[in-house]
Amino acid sequence: MFNLKKYRKRSPWILHYNAGSCNGCDIEILASLSPKYDLERFGIINTGNPKQSDIFLVTGPVTYRSRERLIELYIQMPEPKVVVAVGSCSCTGGVFRGMYNVEDGVDRYIPVDVYISGCATSPELIIDGLVKGLEILEKKTKSMEKPSKLFKDTTSREGIVSRRESALRVGEERDEEN
Amino acid sequence: MLEAVVVIIAPIIGGLIYGFERVVCARMQNRQGPPLLQPFYDMGKLIDKQALIINPYHSILGIMHFVTLWVVVAFIILGQNLLYVIFLHLLSSIFLILAGFSVKSIFSHIGANRELMSVIAYEPILIMLAVGFYLINGSFDISVIRDNPPQILQLFFLFLAFLMVIQIKLKKSPFDATEAHQEIVGGVEIEFSGVFFEFLYMAKWLEYVFVYLLLSLFAGDNLALGFGLFIGVFFLVNLVDNATARIKINHLIKIVLMIGLTFGMLNLVGLSYV
Amino acid sequence: MKKIEVTLNNVREEILEFYDAKKWHFLTLNGVALEDEKTEIQWIFSQYEAFDEIVIMFAEIACGDVVPSIVDIVPSAIISQREFVDMFGIEVDGSEKGLYLDQDSLQMPLSSCKV
Amino acid sequence: MKKTIDIPLGSQHISLLEPVRFKFECENEKIIGVDSDVGFVHRGIEHACTTKFKFDGIGYVVARICGLCAITHSLTYTAGIEKLLGGEITQKAKYLRILLLELDRIHSHMLCLSHTCENAGFEAMFMRIMGDREIIMEIQELLTGNRVQFDFISIGGVNRDLDASRAKEIIIKLEIVKQKVLGYIDVFTNNWSLSLKFQGVGALSLDEAYRFNAIGPLARASGLNIDVRNEIDYLPFFELGFVMQTHTDGDINARNLVRLNEILNSLEMCNNTLEGLPEGDIFTKLKGKPKGEVLVRLEAPRGELMYYIKGGGKSMLERVRIKTPTFSSIPAFSHIFVGENYADAPAILASFDPCLACTAK
Amino acid sequence: MFNSFFKAFTNLFKKPQTIKYPATPIEKDKDFRGLIEYEQEECIYCLKCEKACPPGAILFVSVENPPNNEKNKKGLKYHYNPYLCIYCSECVRACPKPNEALWQSNKKPPIGVKEDEVNGVL
């Protein structure tokens, strides 16, 4: 009869959480709700209520204090759901990478489906990302993805040292220069 | 037979009104807005969504709210007694309020509280409305009211008061403190999810059917006038929604009770003397 | 920018005498880690409607010292004091820890003191 | 039943962009106590500024403290470094800096106003202001190549030049914005439901403003003359027509009006900047490493921003202390909430225009 | 209040401000600060860009088969992570051969999906 799955794509409700961003990306999310970009065209509503949301927009590199809340919100959202990391700093930590109170990106904690880069992203990119997120949402099963434990193995592949380590290495070089 | 069909498709009509309203609202805000059938897309999605049950009462009360509301709408369409309609409607609101109180979330409580207060604010107007109709038609039966000529002129003040009820029921500013997305995240709705939220969502559509059906009673047997009233009020309500901010619940009660009671009384007194 | 040296013992009197809420604006409480596990603590004030009139009262303190609170004189200092406690791990009278840092964060990140 | 209830607001809440948690202790719906937790966004930028980045890259890092006043952060920092290096930048660079500073103020104030409206339940106004704000965003994109994080300022000047044809284009756009802002003033002063929501709500008296060291529009709405633009001579604000905007009521309405008037003033300043844009270079190379200590302040959209920089003649600095506007307003905020109705809390909160991103750094 | 009322009414008959974004693409300004692009042939491997980059989005890492360029003495390969980049353009300003070896294009930053492992490796 009906294929209910196709409706997922047409009525994605979003939940937005700021896990320590600079607000730059948050105001762009707000701007994409504004008349010029009007996310409501796609049926998107900013619900602010995890229990009724399908898309989880996370900004910010995840600070120590916000991580519990992040996971809590993720778990409260009913399946199927898609997590979208908005902005460079929620993808990889961005400029905050390696600071002592941040965790270098949302995917250290919860499985992220779409990464939107840019610092700050623009509404245009957010729409691109959401469109991609909707494709994924349509295919998703209802089984829960486990929130991943901190720090997946990020070390070498193909004999290349990890970015994290080389970043540290660069830092050392800088010190030597002085 | 026709009536039975109308009763069954009542939620769909409500959904269409709601969808249309969202488009109109968006256009008033200078943006494109969602597609017309958006509420049905939402419905499809919500059915598909995993539902988290907080506690059985909560979910059941939500469904009861929807079912009683449907019965209310059916009663109006079938031309039953107006008083029954109003009391049944009260019952459905009470289910919602109970649902709000049955969970731990503080926002749900506040929402339920506000819902309760708004019931106090608009219920007298509805009852006076029924009395008004009784005074004119000599009967509470909706079928009788529908067979008589338009009564909007005799009940003009009550009609004005009823406009405020529409704003409250449809959660339109300035009288939308019960939902207040920015303060209490939707109030009573907050803990519902998936299919259960779906019932609440459809109840909202029925609410549209309910108020606009009541509105059409003012037009009596004149269908064209009824339709005209619906269109006129529909736009008026949305324009006001887009021109005002939300007022606080205590202001709401004050304003609605004051204006509503004076207008209602005025009208009733006038009616009984004429 | 004027710097006035004070000590932890007389800082409260100095500020009490100096601070006039209608004239001076309390900017912030600042700390600077110095060598030898010393910390310079600065109370910074600026004058309303004057060109860059800034007064810094500073004191050099050691790791174990307890800094007196000035919240009763300047109520808005409360938040800077809490931040100072977190960042430098130096006790300030009546200010609790935990404004920013959690149990498992790096503690007293800006301090030069050894744990 | 317990007499009071605790209503949490945050850390994730639709009326908040940022994670901050307020716990309102309420009697019925009246707030009798507030507890706030502002540490959700603490990232450790001050620490990183002295351990991870060299002084010439920090301008881009501190800009990421806050997206709304990124320009103020990088400008204040850069000004501090320029003072330490002891160089003078060209007049044109100064003008361009002011231009961007004021544009940023305009868009930030517009965002705040629209947010206040939304939190007051006036969605149409929110959409209207947000829609018009896009014009400013477009101007900013024209000028700097990005909508939010401008990365426009570097030590010694600015990164991009502005040619005459673009300047003209911008002047035309600013005129449109001005007309729109005049329209808002009308709404904010005459709308019945807004006045019910805003007038007399969340008031801060002048004495309290002094006592809690309020800053920015919050203080100016209470009649306290504090605006850093009035107290520094590092950038030629007066030359470009800066006038301080104050109000005396101290309630939400007054704050909105102060912001609206400031937008008008800033538009005027932008216009003057564009019309009087001097010729010349936009960049002067400054040599050396920062040594010594310096304290610089600048007026961000939300009030006074202060940087204390201490350098030891190396490329790593010794101390960067950032005091942000919202941070020092928190005592005043908490004070205002007490005695108000919970239903007003989101609107009051938005009227402070808090930015927790910078509070916790 | 009547002004807003009227405004809402007139808006009803106006063309909405909304742009149809994914359907009609947005033309990017030529000065838009987009992706950093690199030309291996022109690079002189001075590593100034790597040092200037605040978040460390540009890295030269030693790999087994480095690109051949006589300047490349250490056997390095350029790596750029657009998900880490903050598009500040510092690298271009630091580069001795801007617009030849390294430049900022006006292309939009990319959108990644889970399989890209944007945060995992490198």
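For clarity, chains are labelled A, B, C, D and E in written order, and residue numbers in each chain start from 1.
The rule we apply is simple: a residue touches a chain if its C-beta (ideal position, glycine included) is under 8 Å from a C-beta of that chain, and two chains touch if they have at least 3 such contacts.
None of the values given here were measured: they were computed from a predicted structure.
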Chains touching subunit A and subunit C alike, please list them.
D
How short can a path of touching chains from subunit A to subunit E be, counted in steps?
1
What's the chain with its C-alpha centre farthest out from subunit D?
B
Which chain maximises the distance between its CA centroid and that of subunit C?
B
Distance from the CA centroid of subunit C to that of subunit D, rounded to the nearest Å?
25
Centre distance in Å when subunit B and subunit C are each reduced to the mean of their C-alpha atoms:
58
Give, as an integer number of Å, the spacing between the C-alpha centres of subunit E and subunit C.
42
Between subunit B and subunit E, what distance separates the C-alpha centroids? Give it in angstrom.
51
Give the residues of subunit B that touch two or more other chains, as numbers and ranges in rising order.
26, 28-33, 181, 185, 242-244
Which residues of subunit A are in contact with two or more other chains?
34-36, 38, 41, 47-49, 64-65, 94-96, 100-101, 119, 174
The positions of subunit C in contact with two or more other chains are 100-101, 106, 109
Touching pairs of chains, all of them, please.
A-B, A-C, A-D, A-E, B-D, B-E, C-D, D-E
Once bound in the complex, which stretches of subunit D touch subunit C?
38-39, 42, 44, 46-47, 50, 210-213, 215, 224-226, 230-233, 295, 297, 304, 306, 308, 310, 318-319, 321, 323, 327-328, 330-332, 360
Per the touch rule above, subunit C residues touching subunit D in the complex are 1, 21-22, 25-28, 30-33, 42, 44, 46, 48-54, 56, 74-76, 78-80, 83, 87, 98-101, 106, 109-110
Subunit A to subunit E touching residues, read off their complex:
35-38, 41, 88, 91-97, 104-105, 107-108, 111-119, 121, 124-125, 127-129, 131-132, 136, 152, 154, 157-163, 166-167, 170, 173-174
So, in the complex, the side of subunit E touching subunit B is made of residues 1-2, 4-5, 7-9, 11-12, 14, 16-18, 20
For the complex, give me every residue of subunit D touching subunit E.
53, 56-57, 60-61, 64, 124-125, 128, 131, 141-142, 144-146, 149, 151, 154, 159-160, 183, 186-187, 190-193
